[in-house]
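Scrolling down, you'll hit the structures one after another.
Here come two complexes built around chain A, the first alongside chain B, the second alongside chain C.
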Partner chain A sequence: MAESWRRSQWRNGLFALPFLVTFAAFLVFPLIWGFWLSLHKVDLFGPGRFVGFDNYVKVLRDPQFRQALLNTLIFVATTVPTLVALGLFLALALNHLTRATAFLRGLFFASSVLSVTIVTLIWRIVFIPNDGLIALVFDHLGWAQIGFLSTKGWSLFSVGVATVWWCIGLPMMLFLAALQQIPVDHYEAAALDNANRWRVLTRITLPAIRRTVLLVAIIQVVMQFQLFGQAQLMTNGGPAGSSRPLVMYIYEVGFIRWEVGRAAAASEILFLIILCAAMIQYVVATRNQEGV
Partner chain B sequence: MSASIEIRNVTKRYGGLTVLEDISLSIAAGEFVVFLGPSGCGKSTLLRMVAGLEALDGGTIDLGGTRIDTLPPGKRGVAMVFQSYALYPHMTVAQNMGFGLENIGMAREDIARRVTAAADVLEIAHLLDRKPAKLSGGQRQRVAIGRAIVKEPKAFLFDEPLSNLDAALRGRTRLELAQLHARLGSTMIFVTHDQVEAMTLADRIVVMHNRRIEQIGTPMEIYRRPATRFVAGFVGTPAISILGVKAAELGPRGLTVDLGSAGVLQTRLQLPVAVPAAGGLEIGIRPEDVTVVPPGGDGIPARAEVVEHLGERTLVYARLPDGQQITAEADGRSTLRAGTEVKLRLDPDALHLFAADGRAFHVDAGGYDG
Partner chain C sequence: MKRFLFGSVALMAAGWASLASAQTTIELQRFFGACDAEYGSVTDVSAAVGECGIITALVNKFQADNPDIKVNVTTVEWPGYDQLNAQMASGAAPDVVSMHYSAISDYQSRGLLDPVDGVLAAAGVDPAAFTDAGRGGVTKEGQMYGLPFDNWTMLFHVNLNLMKDAGLVNADGTPILPKTPDELYAQGKQFTEKTGKPYLVQILANETAAYARVLYTFLQQQNSDFFADPTAIKLNTPEAAAVVGMLKKIKDEGLTTVNMDYPAAVSGFINGDGGIAINGTWLIGDFVAQSQQEGTALANGYTVYPIPQLFAGRDATYADGHGWVLPHKERSAEQDAAIAKLFKFLADNDYHWARNGHLPAVKSVFDMPEFQNLPHRANIAKIAETGTALPAAVMRQFAIQDIIGEEVGAAVNGDKTVEDALSTAETRINELLADL
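Take a look at the complex of A and B:
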């Protein structure tokens, strides 16, 4: 009986096998292989040569990489707080069910289902000089035109605006779900406790959804560090690389310059940055909430 | 500090559904009033209307002579203890208790003084730095009461605050609430569907049913002189026995009722002219007013179907020859067993008569309309 029990325990593991195989094939193996590639000078057409950490040294010394890293950090530092704050604002504004709020929820989430191609097409039409929507508005107001997609500074800003518009649906929905988990009687108790709207927001609502705020922030940090499609399709990283993000740098090194080993090294660095950023956020947030 | 509450012609509707209709009620300063009724009778809604958590569709509510139904909840001078306690999970006990005082800009030292004083009264001083998640159900309940006490409200509102506690803790907390009321002397409204809580805590009970107040009275008035058949049936455990009246005749000594197989009883009941002496009449009699006659004695024959030996008394659930059920009480030392034939005696002076419209009439004072 004991033997059959042991055997049945072992067989139970088979249920997890499809996932484990997929996980190993598409996540663990590429991760290890990527690291292995990063230690080699390799292109797509022949066997590579082991160069140790040479690729990492070259990547870190490359001014283009440093500029892309800076662009990405600025992008993440501006879009993530915007997405969290705006998502929370929308969720708070739409956290009651009427026909209007149901329609607006759908409307704000609708952008999330579009492909990056459509999103960038829409925002190019908005930002494009002379005939773009903003250009027409500026013309109407008699203001000087701004080359949103072709001016240093403005190009990354424009990519950021398109990104926030595209990605706002998920944070809003996550915040809405969290807000609806707060028991109504907490708000009733607060009303009897004479709490004004600001006190209710800061002392009841925000503490109650802090875990969701952390979740949204981590998801967005991970997502926005991987910026690529919007930048490539709206500005192609320009002008002068001022809107080139890290993933675009990796793409150019790997698939245009065919330096796959160096691209893999840059990928590993990006992976470490994202991992550190997420971990720091998690540790800081959970330390602040200790004992809750 | 306590204040009287005046509820006048209050009505509440949800869309086309009326849940409270023309409710009027006066509560004296310092009185402990219990709203009692089955689920869905509107008792919690009425309490929440006093608290300001539900809007009125008609009528007014005054507290201490000031109209409060137009004020927001925090400005009404009431404090409420919720069924779920509604403690803020991320705040400590002290912060929970002091939150309402912080919101009105009270000085930190004064808040601390009030919180400490309330915590001492409720014996939760050692819990002040804990979060609600680290408290037992009983402790949370005390914190919720403490949060109400520190506000020194004109009236306390309790919305089934004992229903989440286990039986032993419920009994103890009930006693403590009675002591708290005696100590504070505050006006308190307590909502429950538990008649034991109502009977033990209340100065007066407001029995509610089907959108209306059925009866307002002291616990003994409610029990001894129920205004309606509903009140008679809802209050009392085991429930009052209801027997159909085959025929009734009003004579100079009172009403004589023919109860079929339960015999003909001469009562001292006097009926107002408006009540027809026959048709749809019923009598009600409480178990303690139906006794099991010792063997050989004379009484109404019945068959004991279930016998409950409770120690201090024995309850006999019996069936009369015509199929009607009646509950009787026997001595605690009774050895009666289910299935045996018994003889029962009804105390004619303890009978309640119910008219077809549900109104109740009692022996010594005729009609009683609540």
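Take a look at the complex of A and C:
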């Protein structure tokens, strides 16, 4: 290590420079600037005045922020396990190379390439009352209509369904890639020992892809905490703010109320929450792994 | 031959290039929807129907008449102010933007708009040509900050075919409309019993503007001075409770469609899902066109009236308007001249814009026989007197509208009590206004 350090030259750092410059310009600088903004009373159109941590106090006291935080936590707590479990199920089901599985892999991944506008348009057609797909099915069955996009409880659920449909492609592909890295001789040994499918899954497959499960979970936690477009386009955060996520709160405060300082404070809080959630997940998962 | 061909092509290219460089470009940003598939090349404005069709045809016609001016149109989702804010913050604002009168104060007070008095003078447009409501809507601190284009309000769009089935039509063919909340409940009940359909077609989902406009209207009818102080709203009042209580009762008694967002409510009324749609002036042209087609739910059976006076006090209805504003930025003299031409063209063609149902902003349009002969205009003529805006000093009217819509919607849908919703709305709005 010492020898390699002696032989290393600072010029080698130039290889990392493009990344470091981009990282600093688009991530570090906005983060610091966002924190600086959060300490000011400022709108979008001019200099503000320093107010210390007033914006943080106002945000934390705001019932709409607390409601948005709760909505977001519920959303993350329900969609992330669903995405991990469903992604794993699809990957296990499609982990064979046949024409049918190749087609189905493409089919399940296809939704991921759509824009949020198209995704919400599709699911709006499914959920809207009267002429929507579910409404027609309910009519046919003689069931009462449900306002999926305008009823408390159902609105966040509907946004979650659309999100899982949209995002399922990436977890499935990551799990498929991990499954194909497991040496075949492990399964052959299990077959010789007459192990049943459940035992193979829990003793060979899941331990072998544990790191991928962690990776998928962390990626999804970070992504789903940033829920915005689906909620804005499908429910507009309603009814009564019951499907308004944190990013939508930040957007409304910043762009509709013109309180950019307060929006920046809420953004910093969201950043800390995402960071903590990802770190806790990482620490817990790696500890369990060490204990095995 | 080759030389001739090359020479011709080079000459044509040079001609195009010189034409392109001679063109003055205006970046125009608007809402009103996108309909290029239908109206993208239409220059016959009289053939266009609806807000989107008419404004698209108007711009096409202006471009055809002025080949030296290129109008680049950007269509934004209604109302488009979030996008405009981002553009202004990044110094990339368009040259001309559609804006509600109720939003102009926010931008003018921050120095984000240029006055248009000079542009109008250059175009030879006399400010006295505009209606008081139009001119008042764009005038701040003695200067005009926009070209007034119209005034609009919410209306009762009536499906006369269903009203006949419900026995709610007078001998002269006019609909029987309520004059008190109790009459509204009774007529709604009669309508629902006779037709099996809800009396009202309302936008109750995924939208906030309709709730706010209806609340303002019925508060104004009760002479409730809820914005006596433009920096603080009063909603914890018996008048506001009476309005929200009425809206809730309408829903609870099954007198209205539920769960419909804006597009669903418009198509629902067109499909005959209910008797009376509470929606804006801008839909009159579209609904008239529907009523002129055989086989539709509105065929030969559409009319429209202002929202009736249901409360003792005065006949009033909340009104706003659309104007064209100039974001503050550097423009060339050629661009200023091009904008002046465009503004004159829009003012000169205000009649065509008014065909969609809006009240004209240009006084002389009211005297035009063509305007007077437009369907149903006599029914709604009184909104020129009864239309009432919020005080111009009230800032952040769109943010306020969102809060009111969310809280009143919560009360109507039973997610909160009426008192809790009004109290929360008042607190949230006053915190917003106190923190500007």
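The rule is short, and it goes like this: the second predicted complex is superposed on the first by the 282 of 292 C-alpha atoms of A that agree within 3 Å, B and C clash if a C-alpha of one lies under 4 Å from a C-alpha of the other, contacts with A are read in each partner's own complex, and residues count from 1 in each chain.
As a convention for this text, contacts are C-beta pairs under 8 Å (C-beta built on N, C-alpha and C of every residue); 3 or more make two chains touch, one makes a residue touch a chain.
All values derive from a computational prediction rather than experimental measurement.
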| message | Quick check on the superposition: with chain A as the shared anchor, is it clash or fit for chain B versus chain C? | response | fit
| request: Kindly classify A:Asp193 by the partners it touches after superposition: chain B alone (first), chain C alone (second), both, or neither? | output: first
| query | With the two structures laid over each other on chain A, which partner does A:Asp43 touch: chain B (first), chain C (second), both, or neither? | reply | second
| How many degrees apart are chain B and chain C as seen from chain A, counting from C-alpha centres and rounding to the nearest 10? | 150
| Given the touch rule stated above, what does A:Glu268 touch, chain B (first), chain C (second), both, or neither? | neither
| request: Please indicate which partner A:Glu252 is in contact with in the superposed arrangement: first for chain B, second for chain C, both, or neither. | output: second
| field | Which superposed partner A:Asp185 touches (first chain B, second chain C, both, neither) | value | first
| remark: chain A contact check, chain B vs chain C, more residues touched by chain C
| message | Looking at chain B versus chain C in the superposed three-chain picture, what is their shortest Cα distance in Å? | response | 51
| request: Enumerate the residues of chain A that count as touching chain B in its complex and touching chain C in the other. | output: none
| query | Of all residues in chain B, which touch chain A in the complex? | reply | 51-53, 72-75, 78-80, 82, 84, 86-91, 99-100, 103-104, 131, 147
| Given the complex with chain C, which residues does chain A contribute to the contact? | 43-46, 58, 64, 128-131, 145, 147, 149-152, 234-242, 251-252, 255-259
| query | What part of chain A is in contact with chain B in the complex they form? | reply | 183, 185-186, 188-196, 199, 203-204, 207-208, 210, 291-292
| said: Considering only the defined contacts, which chain C positions touch chain A in the complex? | reply: 81-82, 85-86, 88-89, 106, 110, 112, 204-208, 258-261, 264, 267-268, 273, 396, 398-399, 402, 406-407, 409-410, 413, 415-416, 428, 432, 435
